[in-house]
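In structure tokens below, several structures.
Here chain A shows up in two complexes: once beside chain B, once beside chain C.
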Partner chain A sequence: MSGMTRRDVLGHAARGTVLAGLGGMCGFLAVKARGTDAWQLDPGKCVNSRLGALGVDVCESCASECVLGLSAVRAVNELSQCGRCYVCPAYYDVTSAVGPDGLPSEKLCPRDAIERYPIGWADPDDPANNYYEYVIDETLCNGCGRCVMACKEPYGLGSIRLEVRHDLCLDCNRCAISTACPEDAYERLPVS
Partner chain B sequence: MGAEAEYREARSVSGRGAGPDRFEHALRGVAVDTQGHLYLAGDSEVKVFDAEGEMRHRWFTSRPVYAVAVDGEDVWVGEEGQVEVYEVGGTRLDEWRDGERLGLVTAIGFTAAGVLLADARARCIRHYDLEGGWLNDVGERHRKGGFHIPNGVVDFAVDADGVVHVANPGLHRVERYTAAGELLGRFGRFDGRDPEGFPGCCNPTNVALASGGRVVVTEKGGPRVKVYDAEGRLEAVVAAGDAFDPACKNMDVAVDPDDRIVVADPVRLQARLFERVGVAA
Partner chain C sequence: MPPRVLLGLICLVLLPFPTGAQPDYSRPVDVAPSEDAIGEGYVTPVVQRPLPLSAARQLLDLALLGAALALSAWIALRRRSRSLGVALTLACLFYFGFYREGCVCPIGSIQNVVLGLAEPAYVVPYFVIGIFVLPLAAALFFGRVFCGGVCPLGAIQEVVLVRPVTVPPRLDRVLGAGKWVYLAAAVGFAVAPLAYRDFVICRFDPFVSFFRFTGTFPMLLFGGLLLGVGLFVGRPYCRWLCPYGALLALASRYAWRSVSITPGRELDCGLCSRACPYGAIDEMRAVRERCLACSRCYGSCPVHRAAAGGPAS
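Presenting the complex of A and B:
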């Protein structure tokens, strides 16, 4: 994707945002049609995103417990809060060996669901001196939360969080994720 | 890396609490004068400690403080939208405001003929003459439009020749500039394994200068203090691992006249002094 222009990236991000918004709206309307409550994830309770929960293992219950083949929980990168770093700890496994390009040799996401684009023209002689866009492909993400944990303060800016995709959620009366969640972060709350 | 210098924590000053020599919420800045007095800036207050760790002065500032520096008898304090100048006893001598140029002042330094103020909002360093007249910016010509600081702080130190050493964490570098803004050089690279490199998304966050042109840096996301020689080669890992709470971030750092490294611990709200004890083979 090195040939992408800023316009391409912004257009890509805008289309993604619109689609995500439409999906969310459809899900929201579906929830409204069925009832007034919906399963929601509280990022302030989730151990993957809760500030101060450091040095703990990532919790992958959202990925492993959902009855769907691909969990209804997905990671979302709030682009307005993203640092657009050259070395993103949510994209790269920053503890992996450095490759010949000076970057970590391994990615963090086990499903390769995050795409990385340089914003504008990247100087081939100094690629670190550029901003990068990180876009999560929701068709690949299974909500494992590894990127969320890696982006959390103080490692990153905490721009990534897990969200329930209401257009995908089956709205089970007894949600398997909620039952398994060790932090009681997965709650059934009124849709206001 | 060949022989590695070894350091030990000699002592600490202040801490979290409600007492007059303590900070309740934040410790953001540390400076040392030529007599070894420590100036700690946190909450909306400056506290001055002598070389034995006894508090000698304290005073309140008009706004929360983000940086402190000492120039002879004057104590400069960086805040949101302004800097204030005090005499050591706490009497306010002056304040500088410059509209949008001083968004959030997170570091202060001096040359023979000027004052340098880091503006974390604009991600650059403002260069003024001694009367407060703006001269130029440092770092604004950077390809990224300024220093890349996802950590939210611009930090720098000025050496005896007036060269400005700046932490540029998003690029994993320490950069050297003239006060006029000309880039002179840099060192640093990303590496999450080799301690000679800078790990994570954005390190180092803070920088100070020691004797012999050595450069002291602090890191976040696995808090660590390191010393590099004047050529940018790692000389020592001063403290790392369990020495700090993992939430430590943007640890301001200074060097006292005995070359001890003073780190502002933002979790314990302490100044922690590390001294060199030898060289390991």
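Presenting the complex of A and C:
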């Protein structure tokens, strides 16, 4: 330790103390830390997907509040739960006039993000006697939630819900949607 | 298949909706049809659920942060090159700023860490702990090398600074207290009861709107104003507002090595004092707490200019 001045020793001591403090703090936090958490939407709280909330105004906070130009929240049709109805209340605006083909003349989605096609061969004379696949185009959907509100008991099976796309979500510390969400449906949770 | 015929009949009955009025639409099925019921070899398509940033990606970001800090220390303390410093700053501005869109950053992570310390139920991810602690540890060894070379918020101010004016030292000192006030407020808002808890640092981050090309009008105005002032006054956010800058200033006091202007390697001429836009050179010596390790002083030093092959003054 020759050549070390009093000043050096004090400096080392101070630095060592601060480093130890930082290390202790990291240790304390790391003991309870987990890998990754991300903003997630609880469909049981979201007014658009919550059962019983029907005929109320659609909440479009997820589409309007996100800091991204096109919201990181998207409607996802859980296909294992989809009824594949001929007249899907989330695809068609069932309050619109009936067109010449016997189907509602207008679609519900303002961005035309839902695709509809028959599964297998559909009899042109009896198109209702078939199942139809409804696929949401993730690049068009902005998470406005109208289809989510329309597809639930008793009109639909509730297969559509809003979800955060974790690859797009910037994981803001202070998620703008979560602050605006009237139902407090957003939480930062571990991703399974 | 009788169930499907029945389904079709129900649907046909339901079809003629009255115009304009809510039709008596009722659901044709009670449960989702199974793959067998749909038939024709139908397989339910997989619903795409993208996962967040993978652990590997987070490790890469931490490694890049560590490497950038080491590089910044090397450039400012050993290589003493302004042009390399600018190159590193720009690279970090593009990666941590525009590409990673400003998140996660050590400045905002202060509040997560404080909340993690104060509240047992609140969990700070490993990634965020690393982001918070790396620049502080670097400051303990080499001074504020994060500010000068790595921080994208500093970098965006560094590039707009075209005509630096000298701020009177006393005014600089008074305004500099702002970052301590901001730090105290940030800690207060982090540990406040849930109803008042607010991640103010992220909320009032002036430059993240520019990194993301989106933002509310007041925040764009605030950021634009700071950049406008920053044309003439060096890094107003870093010197007077940044709460992480306050922590780094504190840590850099105990730094092992720091940016130094030495008679052996530089010229004792005082040109550097005039070149420093941050008022960090007192009597031709760099002040650790205020030095942002930008290497401008070396860029103005006749010795280094001559060594770089340029004109000496």
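The criterion applied here is as follows: the second predicted complex is superposed on the first by the 155 of 192 C-alpha atoms of A that agree within 3 Å, B and C clash if a C-alpha of one lies under 4 Å from a C-alpha of the other, contacts with A are read in each partner's own complex, and residues count from 1 in each chain.
By definition in this document, a residue touches a chain if its C-beta (ideal position, glycine included) is under 8 Å from a C-beta of that chain, and two chains touch if they have at least 3 such contacts.
Just so we're clear, the structure is a prediction, and the values are computed from it rather than from any experiment.
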Query = First (chain B), second (chain C), both or neither: which does A:174 touch?
reply = second
Query = Is chain A touched at more residues by chain B or by chain C?
reply = C
Request  = Give one of first, second, both or neither to describe whether A:85 is in contact with chain B, with chain C, with both, or with none.
outcome  = both
Inquiry  = Looking at A:189 after the superposition, I want to know if it touches chain B, chain C, both of them or none. Which is it: first, second, both, neither?
reply    = neither
Task = Once the structures are superposed on A, label A:76 by its partner contacts, choosing first (chain B), second (chain C), both or neither.
result = second
Inquiry  = Contacts for A:54 in the overlay, against chain B (first) and chain C (second): which applies, first, second, both or neither?
reply    = first
Query = Where on chain A do the contacts with chain B and the contacts with chain C coincide?
reply = 83, 85-87, 89, 94-95, 97-98, 102-104, 126, 128-131, 154-157
Query = Okay, in this complex, where on chain A does chain C touch?
reply = 11, 14-15, 18-19, 22, 25-26, 28-30, 32-38, 67-69, 76-87, 89, 94-95, 97-98, 102-104, 119-120, 126, 128-131, 133, 135, 138, 154-157, 159, 163, 165-174, 191
Note = Within their complex, chain A touches chain B through residues 52, 54-55, 83, 85-89, 94-98, 102-104, 123, 126, 128-131, 153-157
Complex contacts: residues of chain B adjacent to chain A = 142-144, 148, 150-151, 170-173, 189-194, 197, 199-202, 220-221, 246-249
Query = Contact residues on chain C for chain A in the complex?
reply = 4-5, 7-8, 11-12, 14-17, 19-23, 25-29, 31-33, 38-40, 42, 44-45, 47-53, 55, 58, 101, 103-104, 108-109, 111-113, 116-117, 120, 123-127, 129, 133, 136-137, 140-141, 198-199, 201-203, 212-215, 251, 253-256
